[in-house]
């Protein structure tokens, strides 16, 4: 069974690669991503309202640690194998330590289509994972430099569009609970998959644009963009298993680890590590890892979860 | 029970006050307000179709009279207590004599969430109240001056976006009736609360921007922006009681009287009373009265209605 | 029973003619047309999945032949009766040989409101009809000239927004089938009529703008813009009858033949036949034929179908 | 290389979107044969105009015409709008690429 | 204060959005190293272009280059588009703030 | 006809939307009394910037001020942004239509 939203992505990709005139106005791209972020937050918040928050604390800590660790794992590879400049290696590492909300949404939709349960507090982890990698990236690039305007960084990270909408949605969902959400369900919940389909159509077009730079950066980046999620996915799945998560939960944990940011991190790096070439990290995260993840990665991470559970 | 839409407003307000980069593209703000205006009109029109129009005439006349009277009540206060220039006093008075469709929508949603009935022809009153205050405002500012290009004023007032969409929706709903509306219900009716939530998110951001000017204009404006709706709300509730309206209807009448315009009136004043400082009236209506009304005012006007009915 | 979407069109038309300030942002117009094109494609594709594709081939061929023939029928009229320049005659002919997706959507909605069945593969014909008239138009304007950059034409025609979204939607719907579409139904199917209503509101405004040029081009264009669809509609209905279509199918075939393009063809003509005056063809197709078709034409084509079937 | 006879004045008006239609109507009444408008936002003596919504949006209008006509329009704009509206006007020379068959079309 | 060696020509092309891609491709083929586009609406000999929808939208394109290159491009644009499209082109001098390490990069 | 005392410099900065706020803050810190921003897309040494999404969008900023102030700001912009960001800056003279009651307001 093939998910229509993936086909929307492929339609956009083909349109972009064939240089069709098709494009979504920037304002619509904004609207779609706002709707997705709020919807994910709201859904997560409503679920959070149902369970004791304290029980989640250990998992939340572990996820934070993962967010700090992942970029450190790939940084030396980028520096010594990829031979990137320090700033570029640090910036790419930050992208891969963080998460892609679009990829998360695809994984959620993949599980929903198969009626596979997953722990509903996952959106909390999305919020948590957005941030640590950015701090690590800046530290890797600059050391503990006096130059870094940490106030600005904190502002950028904590008050960026993604965090505000995700966390805002979470809190609103958490306050009003399942009942309270009913009246806004038609927009935020019922339309979710359709909005995701349109969003992926546009992401396909954008990805096609990014692929133009592929040949310029060569084979290493392609390999990196595929191997990293394959490995990180296993790390995420293992962490999920460690916390006794369900098959669906492990699949999502794997997807979070495997996905690479293309919104919050590039914006933060552009301001804080300006000497890093944004085209390099976006080609990797958006031109390679994003399409890999939504087409092949998510099913792969699902088999990770099934395999690990079969071992247990 | 807290309404999620109010939380969206607060989220936007906080994001704005903390200078988050979150913002909705202007085109989306336009789309949301168009959807709201049409939806309110359509709903009202469908209800109008069910009842004899003539019976409403006395109420409509009374509402028009209220629209002409309210600005005259506050004008001397603004002029002599607030010590504003004549043009500014007239312009602010016009804002408070007119209505805010966003506030009306919040009141409707407040009643719906509590399953409180209200007379369904209220949108007619919204249309009627948009206009008289503008005329009074211009007259207060200029007297019966030959300068005033009344043709332009009439055009601006009668053919402004708000009136065209509200009145257009009313008429369409009235013509096609409850059956005819079914096919477009999913967009205009089912999504209403979600659209209102997004709209209030953006209104929060805009309000935060407006609050920056608060300190410049001082305490009088703050006091005026809170006391006026508290008093006008009672006038509206009393008028509703006079016409034997239900608890919900009185609440809405109070809300209409208490709310201040931030779309039709500022646009009209900008063209017809250019010497009035738009920042002054918007700071009052948008920076003070709007947030006051949707967070505290509507519940207060509900207690007005309950109290008055308990007296009767 | 009057369809509310027609009233939205009339509201837009009146607003435009009365020079109201009402307008939809260009980005919203884009969004609405993207949603309509995808929805029409998806619905058609889902239906295609249910029936053997090969059986449709003869009909598809016939429709293509119709697309090549219609412009040739009107070209001499435009040239000799209308006394237009060759390029203008060719360009107008191309507009009328092609189709208007908005008109198609109105016909579909007309039939749905009356519970009249129609052959569900009609969107395939919409895709097929978009193209031939463009080729004929260029050939009529330029002959088989070496000048014509056919590569560019092919690109423009095959990869224009309309075709990509319609054909893309068709293929996606065809692949995932009725089950697969369920998750995205709320956006693309349930909202369809509402989206169409908003789209027609904007089309009303645009049409009003185009009507300004009416008097400049005189009576011939008005007559042409009304008589052509009346005749072409009969041709379409007859073709539908020849293939043994249902009453609804014949109505749609008539509508397709009778409608004139205002998106794909003008864009293609602008690039390939630049010496044709775009205002001329748009005044005809958008200022005359489009409003005629959606208000009077579609019901007329329905009577064509009923009449022809009563003969059989 | 520069052809003096093709030198015209370009007037740029940055003002509130709320008066765009009024301004454009005035310009046409004053004889403008064309204009170009673009959505804008900005900062000036009237504070930040963020374009988040209609009342805070700016528009950037360009009018190209002969120096004489442009000065006449600029003076009229100044008189009518400068006092009460957020507005900035500046002028500079541009060399227009002419329509040969439309010679003197902008005079 | 002004450094003559940094004076370049800025060409502004206002034309139909329908031909934006064509125009930009042509400019690049003619050697433009950069351009900037902005959505616009306007009035001219071809009537009101309100940008309400694709066919009535304008675009405002700027190209900065040496005078020689700009004149070459302007002449090509004029030849190819002026007759049949809504288009206005004007030129003026600008002083470019140079990239020191990219000296002569726009020559 | 031209009044020399109303000649100011207009600086146009075309750069990445990602740094719009930073740039505007810097300009105000450097003493700019106003600016105008417009959404843009373009091509330059940093490749195509299509504005399809945030990271690929440009912004076109104008600042009008005295020559001295503008040169100071241009130098600061160049130092801070030219190396690492897509940015093009150019300057030219404009004759500003002055507020009579605000004489010398831009000095």
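Remarks
Residue numbering begins at 1 within each chain, and the chains themselves are lettered A, B, C, D, E and F in the order written.
One rule holds in what follows: a residue touches a chain if its C-beta (ideal position, glycine included) is under 8 Å from a C-beta of that chain, and two chains touch if they have at least 3 such contacts.
Predicted, not measured: the structure shown is a model, and the values here were computed from it.
Chain centres here are means of the Cα atoms, and by that rule the chain farthest away from chain A is D. Spacing of chain E relative to chain F, judged by their CA centroids, is 19 angstrom.
A straight line joining the Cα centres of chain A and chain D is 46 Å long. We define each chain's centre as the mean of its Cα atoms; on that basis chain A and chain E are separated by 39 Å. Among the residues of chain D, those in touch with two or more other chains are 38-39, 92. Shared interface positions of chain B, i.e. residues touching 2 or more other chains, are given as 21, 24-27, 31, 186, 191. Annotation, chain-chain contacts: A-B, A-C, A-F, B-C, B-D, C-E, D-E, D-F, E-F (touch as defined at the top). Touching chain D in their complex are the following residues of chain F: 1, 8, 10, 24, 28, 32-39, 64, 92-97, 99, 102, 105.
In the complex of the two chains, the chain B residues touching chain D come out as 23-24, 26, 29, 202, 205-206, 209, 213, 262-263, 266-267, 270-271, 274-275, 278-279, 282.
For chain E in complex with chain C, the touching residues are 16, 18-19, 22, 39, 46-48, 50-57, 83-85.
Of all residues in chain C, those touching chain A in their complex are 25-27, 30-31, 34, 155-156, 159-161, 164-165, 168, 171-172, 175-176, 179-181, 183-188, 191.
Taken in their complex, chain E has these residues touching chain D: 12, 14, 38-45, 58, 60, 67, 71, 74, 77-78, 82, 88-92.
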